[in-house]
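Going by the order they are written in, the chains are A, B and C; count residues from 1 in each one.
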Amino acid sequence: MLDTVVTVLTTGLTNGALYALATIGLSLVWGSMGMFNMAHGAMLALGGYLTFTVCTQLGLPLPVAVIAAVAGGALFGVLLYLVVVQRLLARSTEHFETSVMIATAGISIALEEALLVAFGGQPLKQPFTVSGNLHLGQSVVPLLDLADVVIALIVMGLTYWFLSGTKMGRAIRATAQNRDAAVLMGVPVQRIFLQALAISGALAGICGVLMSSVTQLTPWFGDDPMLKAFIMCVVAGLGNLPGAIAASFCLAIIEAAVEFLAGARWGFPALLFIVIAILIWRPAGLFGRSQIRRL
Amino acid sequence: MHDIASLSLSDVWAGYDGPDILKGISLEVQPGRIVTVVGPNGHGKSTLLKAISGLIRVRRGDITLSGRSVLPLSPHRIAATGVVHVPQGDLLFPNMSVYENLLMGAYGERDAKQTAQRLDEVYALLPRLAERHRQIASSLSGGERRMAGIGRGLMAGGRILMLDEPSLGLAPLVIEQIYDVIGKLRAQGRTILLVEENPARVADLCDDMHLLDDGHIVWSGPPHELMGRDELLAAYLGG
Amino acid sequence: MVNFIKDRSSRWTLPADAWIGLLVIIIAVAVPFVIQSRYLLGEVILALIWAGVASQWNLLFGYAGVFSLAPMAFFAFGAYATAMLSYYLGWSVWLSIPAGAIVSIPFSLIIGLACLRLEGVYVALLTFAVAQMMYLLIVTDTGCFQQIGGSCVQFTGGATGFSDFGDFGMRPLLHQYWMIGNYAVVCCGAFLTMLVSWIVIRSPMGLAFRAIRDNPGYAMARGVNRFRTHLLVFGISAFFIGLLGGLYAVHFQAIGPTVFSLSQLLFVIASVVVGGVGSFWGPLLGAVVLTGADEFLSDFGEYRSLGLGLIITAFVVFLPRGLVGEIVHLFALWRRKRQSHV
């Protein structure tokens, strides 16, 4: 019995931390500019492959490779803004939400296919790994999972510090909460959007490395976590960061429990039913107030 | 103590997507003066402030600050030149504390010492905000929100403060407090462009008054001379 | 009401649509005489199927404003239902195709009840998740439902899907010209679908769509119920998308979980985006152009989907009106210019 609980909690907390990291990246961009970034999953894969390239193929030290993933993700976010988002924002606010979703879906498949062409479809081994196990009585907790959780928590802490303690972070939150007022305070919102996408990309980079360390590195590995992260954002109320983190952990533990009790294939359907039930009950999400986006 | 500048509008035409709301507005805000634009609701008072701060596009005419046109500038650049717009209904950042809202007001200020000094000034002027500085903005009362909005505007250290109906929707007692604050700002020698629906309420408070009727300025002069004039009656009653 | 008059779709008067329709039918009849290659005719069949699906998705997204990412889920549902009815119960495909289309309706209504109370991107997200869930449940299905020979068949067909459950019966009828028979059947299905799209757009319901999209408050005040209207159009589109799914499954005599892939969904969306969102002829033109482009890109093998992704993004960013929208726009400019010269 205790084994079961430990196993479910280990899986749940590990996945929860990773989902939370993906969710923050999505929520940041949604909250500040109303953009659903369908390419986020592909950006997770980009981070994973960048680490693989720099570490395994070029033979550079692992920390350099992880930094490369973060920088590459941020750069991709910047490019995404300059090439796609900026033009769509300039055109109309009314259709922005749907058109940016379709455009980033296109980017997503293009990036994944590019990774497929470059690296092939066979699963690769993520060089970021920790071997060994932690024994808790009868049950075994892999140290890799523990390391992932710790790193994810550190990154979340840094993000929290950035958003609440720095001027740039405060301006991002201000823009998310009231764009017009931010403009009147002299905040250049275009630059804020660029920064939000860059940070979201950087988060996707590190998140991709951690995620592919517990699963496998394929061009599509990010699609499934992205969808779940979206679901967690929605449950929390889109754009609400603390809520999104809480929802990520709760849903990941529920998912792990369902997968353990009923089989792996029922994890995702269970999540979806919970989400639909919550949304019928509270259309703006658990912590969301309608029309107010929190960050 | 504050940079002085004069704001001048000449023959300004502007509107939203549809027809012109402002139909050839000209007015001048001299340094150190409190200028009030009065007029009934829906005749373009807020639109006037939005045109100055660049939120809507000016179709004809010019707006200059110390002789330099602000029309080519985007709204956040206009804010950076020192034209501080405190919009109607505060538009605070709802999930930030009062303190963070005030800090956002000083967004354009690079010097941390300046920011700290202004924060002290604002807290001295509006002690209520000092009491509430850790509270989330959305939990403030109406009067406190309005004061936070004004305080946030003051934090910019701007050269011209534009207040859009700071008394709107408040209880009479609270309105008095707000105008008390504006009176103190006047005593400090601030330059203020105030928009107000009720001319009698601000007559003692300002130096120049302009009456806006259907997008035109139909009367300008010292505030007390406006009372009882035909233009005033026509604007408010004549429709 | 001014919005209705300004709407780009009503710029097309009835005769214009009728003329274009006639032209399309003439081309459709001429195609089997002009195209001798069986392979190319197969590609045209595929283009027609996607044109039909895209036309229904355009009805949902471009007219009714329902951003559903589940069209391939309904397509797959119709296709699987057809395949399973013929495979397990031995029904003739002529019976199981309409049956598959009909059962797609209650299926879509269940999904609609769950998802359509929300709006915009939420609908997109939930419908996308539903499609993904169906995919996962099918590919992870390992329980044996039937033992055929030494191998095991899962109820949903599992990762491999179904094949050899019946065909249109054109081979004994038309011998080496059987592909033309398939073409005729699919053509009828696709044109019926487009005709119904047209009728819905021109019906009072089409007016309700536009009212909801342009002015939700006013529409509600006039008694238009957004949820019910959206549910209705969801059901209609599910029927026709399911029908096309059945035709697809029978034409290829196979159906598998790959229909759920993102690139398949994007192909449908791209057909609408490239052709022109909210323009009636857009999806047909888009599907034909994209099938052609796909054919061209297939020479580049692995870059095929990459190209598709970039095309979608490029159109959304640079040509948001789509091909038909641009043509209409240029035509209007040209006419205004000519008038001003006179």
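Definition applied: a contact is a pair of C-beta atoms (placed from the backbone, for glycine too) under 8 Å apart; a residue touches a chain by one contact, two chains touch by 3 or more.
Every value quoted in this text rests on a predicted model; they were computed, and no experiment measured them.
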*asked:* Using C-alpha centres only, name the chain that sits farthest from chain A.
replied: B
*Any idea which chain sits dead centre by C-alpha averages?*
A
*Which two chains have the most contacts between them?*
A-C
*Please compute the C-alpha centroid of chain B, do the same for chain C, then give the distance between them in whole Å.*
55
*Go ahead and note the Å separation of the Cα centroids belonging to chain A and chain C.*
32
_Averaged-CA centre spacing for the pair chain B and chain A, given as whole angstrom_ = 42
*By residue number and range, which residues of chain B touch two or more other chains?*
none
*Pull out every residue in chain C that's touching 2 or more other chains.*
none
*Among the residues of chain A, pick out those that touch two or more other chains and give their numbers.*
none
*asked:* Looking at the complex, which residues from chain C come into contact with chain A?
replied: 61, 67, 114-115, 117-118, 120-122, 124-126, 128-130, 132-133, 136-137, 140-141, 262-263, 266, 269-270, 273, 302-306, 308-314, 316-318, 320
*Would you pull the chain A residues touching chain B in the complex into a rising list?*
167, 170-171, 173-174, 177-178, 180-189, 292, 294-295
_Residues on chain B engaged by chain A in the complex (per definition of touch)_ = 53, 55, 74-77, 79-80, 84-85, 87, 91-96, 100, 103-105, 107-108, 152, 156
*asked:* Applying the document's contact rule, which stretches of chain A touch chain C when the two form their complex?
replied: 36, 83-84, 87-88, 91, 95, 97-99, 101-111, 113-114, 116-117, 223-224, 227, 230-231, 234, 264-265, 268-269, 272, 275-276, 279-280, 283
